[in-house]
Amino acid sequence: MNFRTNAGELHDCRDAFTSTLEAMAAQNTNIVVVCSDSVGSSKLGGFRERWPERLINVGIAEQNLVGVGAGLANGGTLPFVCAASCFLTGRALEQIKADIAYSNANVKLCGISSGMAYGELGPTHHSTEDFAWIRAIPNMAVVAPADRIETTAATEWAAAYDGPVFLRLSRVGVPDLLPEGHRFELGKANMLRDGTDLTIIANGTVTHRAVHAAEDLAAKGIEARVLNMATVRPIDEDAIAEAACDTGAIVTCEEHTIHGGLGGAVAEVVVESAPVPVKRLGVPGIFAPTGSANFLLDEFGMSPAGIAESAIELLKKKA
Amino acid sequence: MNFRTNAGELHDCRDAFTSTLEAMAAQNTNIVVVCSDSVGSSKLGGFRERWPERLINVGIAEQNLVGVGAGLANGGTLPFVCAASCFLTGRALEQIKADIAYSNANVKLCGISSGMAYGELGPTHHSTEDFAWIRAIPNMAVVAPADRIETTAATEWAAAYDGPVFLRLSRVGVPDLLPEGHRFELGKANMLRDGTDLTIIANGTVTHRAVHAAEDLAAKGIEARVLNMATVRPIDEDAIAEAACDTGAIVTCEEHTIHGGLGGAVAEVVVESAPVPVKRLGVPGIFAPTGSANFLLDEFGMSPAGIAESAIELLKKKA
Amino acid sequence: MFCYDIKYMSQLYSFVKQQLAYQRRSAGLELDIGTIMQNNYWVNIYSKRKMSLKELKLIANRIRRRDLRAVFEAGAGHIGGEMSVIDILTALYFDVMNVDPDAPLNPNRDRLILSKGHTALALYIALSERGFIPKDEISTYFKPRSRLSGHPDCNKVPGIETNTGPLGHGLPVGVGMAMAAKLSNAAWRTFVITGDGEMQEGSNWEAVMAAAQFRLDNLTLIIDHNRLQQGARLAETNNLAPLAPKLGVFGWAVEEIDGHDLKAICEALSPETVASGRPKCVVAHTNKGRGISYMTDNVAWHHKVPNAKQVELGMAELEAEARTGEPDP
Amino acid sequence: MFCYDIKYMSQLYSFVKQQLAYQRRSAGLELDIGTIMQNNYWVNIYSKRKMSLKELKLIANRIRRRDLRAVFEAGAGHIGGEMSVIDILTALYFDVMNVDPDAPLNPNRDRLILSKGHTALALYIALSERGFIPKDEISTYFKPRSRLSGHPDCNKVPGIETNTGPLGHGLPVGVGMAMAAKLSNAAWRTFVITGDGEMQEGSNWEAVMAAAQFRLDNLTLIIDHNRLQQGARLAETNNLAPLAPKLGVFGWAVEEIDGHDLKAICEALSPETVASGRPKCVVAHTNKGRGISYMTDNVAWHHKVPNAKQVELGMAELEAEARTGEPDP
């Protein structure tokens, strides 16, 4: 079964995130939210209205934000820590390592507006190193949902999962990809489309671009498998090895630097399981210029046409 | 020409670092040192005695440490910012990204006691994510010298190089590997030994272990090439591609997590240039238990015998 | 070296090359200086004589009007915090600071860091008024590939000293600059502007301690104390007010002023008022959205974009102020 | 899931499994509680009655002696800061805190965070004296694969609440704990001990502000004010003294005490002395190396290891103190 994109309707996944959070919070009074003057950007206004005392705003202080999250978990609550992904990860990385991961605090770190969602605000606001930064830390689950439906599923999963999670969310509009009612499984890729000629592995906001690219390729007689690799850590080694064996070539797409992110994680598995040619698409190791996320993704070769082109180029290298 | 290790004499590379720094500072009055209550651990006592006013100790405040470094560079000095690698990188990562890398400040970040040099102090003090963290940031040069001689060379190079550098140093004793007078070139691997059966790529404190492993393998009739990959960013793509083509299999060794570090960087190049089997040795994605660096390296399969064993295992996968 | 980077970039964005360590920042800027010289009719005037208070007020007013129009045209900006900081920027660029658009990297220039980098637009306009960048370039703010992005980039825009955007970075960098001046016995001064919400960042307090310890009397911190942060008032979030005693207890010389009184700002920042051996903090009491009545002291206008009607209203108020020299009540 | 991790680990370190999110912390600890019960002869005494001042002094003295010996045997430790914090730990574990070694995860326990985690050895010994871990386990400190590593690990050692080691982490976590108690209207209290040098970390000041804003009167910060940091005196590095007015200006209730006067410590930490609506800071004036004359107030002893002769000397002094109840001058 191939999932088809419906480019007509684009959704800001923050809405799915906060409505899921509110639905869960209505049931589970242990759920609290911690933020750092990020109520608006995390779309937490509704939560604050319903449960003002369970919305803890520490001010502009990300180190404290994460530390407070760890302490809240120790005290028996279930904290969702919400802030712009660039600041949450870059400013509080040691807190994430020591207070959350190493202490094994049951905290859900929610990186809002990740990737280049703040494209025009410049590289200080681009969170295009967070996969690399967080997946290097033991005991962290790193998850980047592809659409509204998976955002809901991953948020529900995170609340049920007993351990530290980094949920990488975006505000960039994306179409529905996964079927309504989809359940999230940690470390399990979803095959959005099967194919034999190559595999495109993507996650987050670029997944629908990968699906489009596969449709374009199909029109040219090239059958691409598309894997939605929402979990970056622990990565689905089996799905990657299978893709390498079955299709012999892999293109990775991510709204992230190509140094150490999803493409890097895939490359690590490929060389240890079934070495085949891989092409990594992403931010090519530079500070991106000004522009919207979609503009920049296109510029960096991740328009559907760009991905398809890279795929065709890669096929030449296939053994 | 094969470099041979002389396990008899082990050197703490901090001595080479600070004596080089002092020699340069005597010539170049622009050189200043910034530290964070880390005079002793960075072996800066001698520098402080000679130039007390050029040794700027900001106290226990790593964010300020890095920001002050950026400001000093703007003001026309050449700052070497010295602190324990775990705190320098983890605590000040956003400062490194914004103030140093993105601002292109001519600052030399010197991560002392990197890897598991503070083994017994536990994972909070293990700097085994720093390659992954820093190499994800554009415009950073990431360098981990293998011995006393390369430490001197890299320190001299860093002072001459016009841009941000992360020098990853250790206190763990290592034997001499490179010839006296060796000059460091950014992004250029050194072949410490040639071989045709496989390649071992290492850097920093584990390089001499890789050389020993190659000697052990040679005794068994297996000829391993050994590359000292001191530069992790920009990585030497040519040397890796050549190694993959020439030897058909690669083992990577690093005092770092296997997720996104040297092994990750090598895997990224291998899959894009010449896909061959790779085995990544390092900290296997866990918070390490208590123990000295050498104890832990052995435990994690990086004793010379362990590396040789992994190499033999890998050869079975060779096409 | 970096070959994979360069290969890609040279095809696409020649300016991004400036990010690479192989090139000096100055090389990139030389080009701009040429352009500036053609567009710049302020340089000769401003660099030669002291401005009157009336002239300063008119410049601030002009910057406000340009800012309002630019936010509307770009559909972006942080207009509240821009309006609150414009008088401070005006005082710095047109009275206090020793800077030269012809030599933006003169080693003896005074340094300014706008640590509240989200109000970059106000800085860009001040720089364009002062001759650092062409005035007509302001229309490129927030556009794809523009060097005038949402936060300032020192490798692209002359007059900018360090990249800001993440709050709490400017003061530590300013401490480093001031230390550098001390080390070389140079007379240039360092100014840092932070938001009041921004002072919630611990990194600032690390720098506050260090500046006092190092006796950096060549460093001045100006806190744009508009009592509002992004989503709410400081008082409702993390109330740092009163600020003056907090800086004072850490050993700083503190002065509180009306941050919209240009005379007061110029005086508070003049070298004569520096206390020897102590860094100085000027707590500038300001209004977020100052100059446009419906925005003033209203947290909704942190980064809201006015519609055409609202722009017209605001512009009328600002024009009235230009005529009378005083803002509408 | 995590299969590559588990495969590796299960061969080597079964305890590391606790790090994985699949297991509850408590599951890991249950094992230890069993062991503890066998070794623990203090539990019944301490949990049943109030200790006398004399008893407290003797316990502190015993912890100091064990610490000195353990540092010597392990060839490691941060003896200066251990000696300075031991009276505070003694007061907390044997007088102030409501904790139960039989139920180290009791939701209503008081929480202690030793934010100056480098002095973990003193904490381990206090925990062993209080019955959380076997006393003879102290000899494994710093040994390969020991759970008593240089900094405390809450997933391995019962009684430890969060992992510390990097300075400046404990107070933010403490703020979160105190918030959690407030949210559930629970009476348990949170205590955080920081070093004085540690207060140079900006993260602490973020937490200082938040605690005041949130009116966390169930949070107590104890600053071990020994005037020395790692490489030098605070005064020579980044002089935070006097500390009390700094905390005070941020809205905390502050009390200054002799941090080696057990009676004063117990009083300052008693619930009766809490000011409603305000977090409390106890500035405990201490001596680094306290109890061993040649170490006292000497920065060289931050993490130096005494030789046999020095141990003998120190032990003699501590034994004399045990007899007289007072330290040698």
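All chains are identified by letter, namely A, B, C and D, in their written order; residue positions are counted from 1 within each chain.
Methods note: contacts are C-beta pairs under 8 Å (C-beta built on N, C-alpha and C of every residue); 3 or more make two chains touch, one makes a residue touch a chain.
Quick caveat: nothing in here was measured; it's all calculated off a predicted structure.
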**OP:** Skipping chain D entirely, trace which chains still reach each other through touch and list those groups.
**Re:** one piece
Subject >> Chain of greatest Cα-centre distance to chain C >> reply: D
Subject >> Distance between the centres, which are taken as Cα means, of chain D and chain C, whole angstrom >> reply: 45
Original post:
With chain centres defined as C-alpha means, what is the inter-centre distance between chain A and chain C in Å?
Top reply: 35
**OP:** Averaged over CA atoms, how far is the centre of chain A from the centre of chain D? Could you give it in whole Å?
**Re:** 39
Original post:
Where in chain D do residues touch two or more other chains at once?
Top reply: 2, 4-5, 19, 153, 163-166, 168, 200-203, 206, 209-210, 213, 237-238
Original post:
What are the residues of chain B that contact at least two other chains?
Top reply: 58-59, 61, 63-64, 86-87, 90-91, 94, 98, 102, 124, 138-139, 285-287
**OP:** Going by the contact rule at the top, pick out the chain D residues touching chain C in the complex.
**Re:** 200-206, 209-210, 213, 237-240, 245-246, 249-250
Subject >> Sites on chain A touched by chain B in the complex >> reply: 86-87, 90-91, 93-94, 97-98, 101-102, 123-124, 129, 132-133, 135-139, 233, 250, 257-261, 263-265, 267-268, 270-272, 275-280, 285-287
Original post:
Of all residues in chain B, which touch chain D in the complex?
Top reply: 37-41, 57-61, 63-64, 86-87, 90-91, 118, 120-122, 124-125, 284-287, 289-292, 295, 299
Subject >> Contact set on chain C toward chain B in their complex >> reply: 1-5, 18-22, 24-25, 107, 111, 153-155, 161-166, 168-169, 171-181, 183-184, 190, 202-203, 206-207, 209-210, 213-214
**OP:** Would you pull the chain A residues touching chain D in the complex into a rising list?
**Re:** 32, 34, 53-54, 56, 58-59, 61, 63-64, 66-77, 79, 94-95, 98-99, 102-106, 138-139, 141, 161-164, 186-187, 234, 237
